[in-house]
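My questions all concern the structure below.
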């Protein structure tokens, strides 16, 4: 019955067999995998940048076009150019820039997706999470853990913008989407400002009180302190050849990442830093907090400056360079890949493939 | 600039804006989400069954059509009818029936995907994992952890078939696919048969020796023992209203699931068992070890008997019934969902939605 | 005010000061530590052996002297010769040989101490733990976790003896002793024999059911299986230079030791084995399951044979030798020391001190 | 052979038997336990106070009597009145007041004991731990983890005093004492001041860098921040009936206690606070940071004010009262008891016993 492997005759027979069993929802593995190379990741995503210069006018125009309340969330989603219309910036992550104008409210809801915020511009806005309010300042990193009630408001007189990072594609892929609106626009505030960081964020914890979920009970990481931190670390040692000085935001009640599905990082590149080539399996979205520089990736170069957002897909080699002292915020799905034993990195500079 | 929310004029303006920014890889969130219901999972997958009566002839025909070695793995993939051509049985899992004929070898390789095997028919075949061989018997549950070298062979005179479950769609979605062939057809055997279970599988462990990965160092769970186990548990208590008597295969060096990405279960339904309605966010693939019964799901009924395979998508309510005493093996991605805080179940019998 | 350090004058002054402040419950550290060497452990305990030949008649005499019920527990405690009257065999552990005669009952109680049993002689007795009964056979290892109700009985016609190992000195030192008698002689049996091992002891676990305490939910480790295990491991590799082939009993729901305060081990020494010198900070109590041999320790030699019990204090170097194939059971407080970061071992053969 | 249980004749026989087997290092359990009540802890330790008014002159006199270098550590040990000469303040803990005068050095060494410091008086001293220096201020909590090199110095012009808390009795009981002097008086400083808190102490952590030991990599918890923390928590909720507002110092890379053997706590009692009766199995040593009050314990009352040290033995019921707003530092062995499953508390106010 068998013809020579790879012969036209054999291939024709296999294809005929495949066509026949397809009706029964069956597919011969070796036919479907013919010529497919699975030796390494080949993300179809591409590197891309969204400059602040370009995004801010669009965002302000959106502000005129629709109210935060009518939009529920007035966000311009950053889509990977390889995935138009899919609302994802990497295979697993969603990114968007959100605008809240003075006096506006983004109403309260909760969902199974986790959201991270990195504040880009403005003062006077807040995010409330599970009954406690946090005021937002540029550079602050704020989390809204999965299934926590949250709403946003702007009580000042200037627009406030931030980068939203969500695990929406991942949660969608896993078919675990749940969402619920709060019966009122705003949830009631039940704890004084600063209670959560005082309880959990300073190397202390209320006796006998463990956090009841994987995400950090401290939901705000103020830029003032994180930046000072980073500068102290940078002053005290040699930079990593690829990353400069790089810290991860953690959950202080467990030591792990601030949220179970997304890792967030803050890194400092000294002026003149020319990083070695690097790649890892987790695609990264960067937001520039300070400084200017460029990234070499996908055979080209992307220049970046304050508030620009750029994406580097997983396993695409890249090199970071800084013109001035620079601070970059970034987010990836590394915690997911690490939890499942799938994360890898490569510092060989392309010696492998 | 704003027209009334929801008015034709406003919608037209928003659509025009969306079309304009789309060129810049930007998408207004509230436009894209118009009318989309995200309140709960709505898996497009459907329930389906692959009867042994139907599959066995196809598999034997595949055996005539191609050798195990030429095919590398002679597997008929079970595709969810809602995902033709995608080689997945649920959103995250791959299932296939593999045949190894007397004298054949399925050559050695390794990959970042984890594979589970549940033996359906035949005696005399083995799987080798990282230098140790395990002989396969019907009902045995065997794992090949991610990145472990493995090959299969049949040294007896009857065909051997098993169900393969892999996390291929998940690992593909995460863009963490790595694969490597061993330089020779078979890896060398470096430990006596039975060494791993003796070291780790009987409530003991070599002093000072921890396992170096999340997957169980015991890679074979023989049916003879697991079945006796299940019957002892079944003899000693009342069945769960939805599941009968249900055990999970675990990693005895950690207590968690046998592998970090897929959970595997063995459950016993006493003759006449009529289960209550149940749903959970993890879609399940069942393989019947013994007995006959049916499952009510997606508005229909699927009858099942020995060696049949059937799938129940996540969050689709279902009810299990047994005609005779029955034993079901099943696999889901529950460990992934639990690790990320996303797993939910519902025993309310459809009271919610 | 100060005289030369170490001078008689200075010492006198310091002593006078010490005497004066002693009235106020104050003590100068440097005075109290004068000449004390704290560079390494110097356990005052000594190595010792209790031969079965010597112990059995004493135990049988105790059986005539008092009933199990009147004694509550008819145990002859093995006291380290360096600690007469202190009921401890090492600094932290208690050891005793218990006898239950045909028809006797050792009544039900519970306590904050953990107890381990290693059966020495006899068939037909049981231990009940939290509503489940386990039948005892020579060589079986059985645990009664802290605060679990337990009673023993002998329903056969021969005496049954076992070695009891408890953390009594440790729990006493920590001042955490609690004890309670059950209102009746025996607790009710609420689960069929074999339920706990079926639920947790074979690489499986009831879905959704975690154990609620640190100790293993499997409280019996039958010798038949453990011995077979050990022999398989011994057949498949080279012995450790100091320990031969040595396995630890573990809690299969966590991977850690069977109990949080005491580690238990089973090791096989092939005939002719001459072990290298070894010491670790945990003192060990050995009970010979099979075979004959000797231990070189404390400058002398102890010969051992079946059912003998011997102790090696912590940080005392020792060497094990086997005349015949031998199997040794042992217990130490290593889990405590490891949990606190204090455990050390030394395989240098006395090169250090 | 048996006489009536409890009869003079039977007791005499048992005693004779006990005397005879004692020669063989054997002791009948039921004889030794006759009349002993093991139903609950009965710590022989007593409550006690060491007032600052009384201790400071003694400490200054010690300063004249001996140099820090000659004493190695110039410490006045606080001995529980029930344990004279034993250098322990509870069953498991050592407490002492240490003085370092201007210009002095306490030379570098390391040991398997863990030490905690709570600064009582003075500015201008430092502790160096594993190559990094921390400057001490009143109220600062500083740890020197087991086996870490550490030395102290005073570079200012005023005396500096602190409370030392060590697990010396515990480590001694476990026979795991190791100690080593550094070849020079001071270890070299290899990291800038503030590096460790910047790396690990602010909700961040260097990427890919886990701590390699159970103790916190942040070894200083400055009072300024901890106090502010405590006051924020106190402002935001109702006090615990027994403890007022009480926080535990934690290891931010794990969420557990700052060290594996000793827990440290800071609590705020508002003026007029009258605590409910409380007891737990861990004996506690308190040091008053601010304010005045009293503790009712052991049938008496102890008044306390700034810098006083008092001890409450385990399972002795006590009630705290504050005259003024007060801040108390305290240390216990609770982490040990919790790790071993032995810790208990009782808030019933003596309803039990």
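Here the chain labels run A, B, C and D in written order, and each chain numbers its own residues starting at 1.
We take it that a residue touches a chain if its C-beta (ideal position, glycine included) is under 8 Å from a C-beta of that chain, and two chains touch if they have at least 3 such contacts.
As the structure is a prediction and not an experimental result, all values here were calculated from the model.
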Report summary line: Per mean C-alpha coordinates, the chain lying farthest from chain C is A
Query raised in the report: chain C to chain D: how many Å between their CA centres?
Result: 29
Report task. Round to the nearest whole Å and give the separation of the Cα centres of chain B and chain C. Result -> 43
Query - Separation of chain B from chain D, taking each centre as the mean of its C-alpha atoms, in whole Å - result: 52
Query raised in the report: Which of line, ring, star, complete or other matches the graph of chains that touch?
Result: ring
Report summary line: So the touching chain pairs work out to A-B, A-D, B-C, C-D
Query - Residues of chain D that touch chain C when the two form their complex - result: 1-2, 5, 10, 13-14, 17, 21-22, 24-30, 32, 38-43, 48, 50, 54-55, 58, 61-62, 64-67, 70-81, 84-85, 87, 91-92, 96, 111-112, 146, 170-171, 173-180, 213-215, 260-261, 281, 283, 313-315, 333, 336-337, 339-344
Requested in this report: State the interface residues of chain A toward chain D in the complex, per the touch definition above.
Outcome: 191-192, 194-195, 198-199, 201-207, 210-211, 216, 218, 221, 225-226, 228-230, 232-233, 235-237, 243, 246-255, 258, 265-266
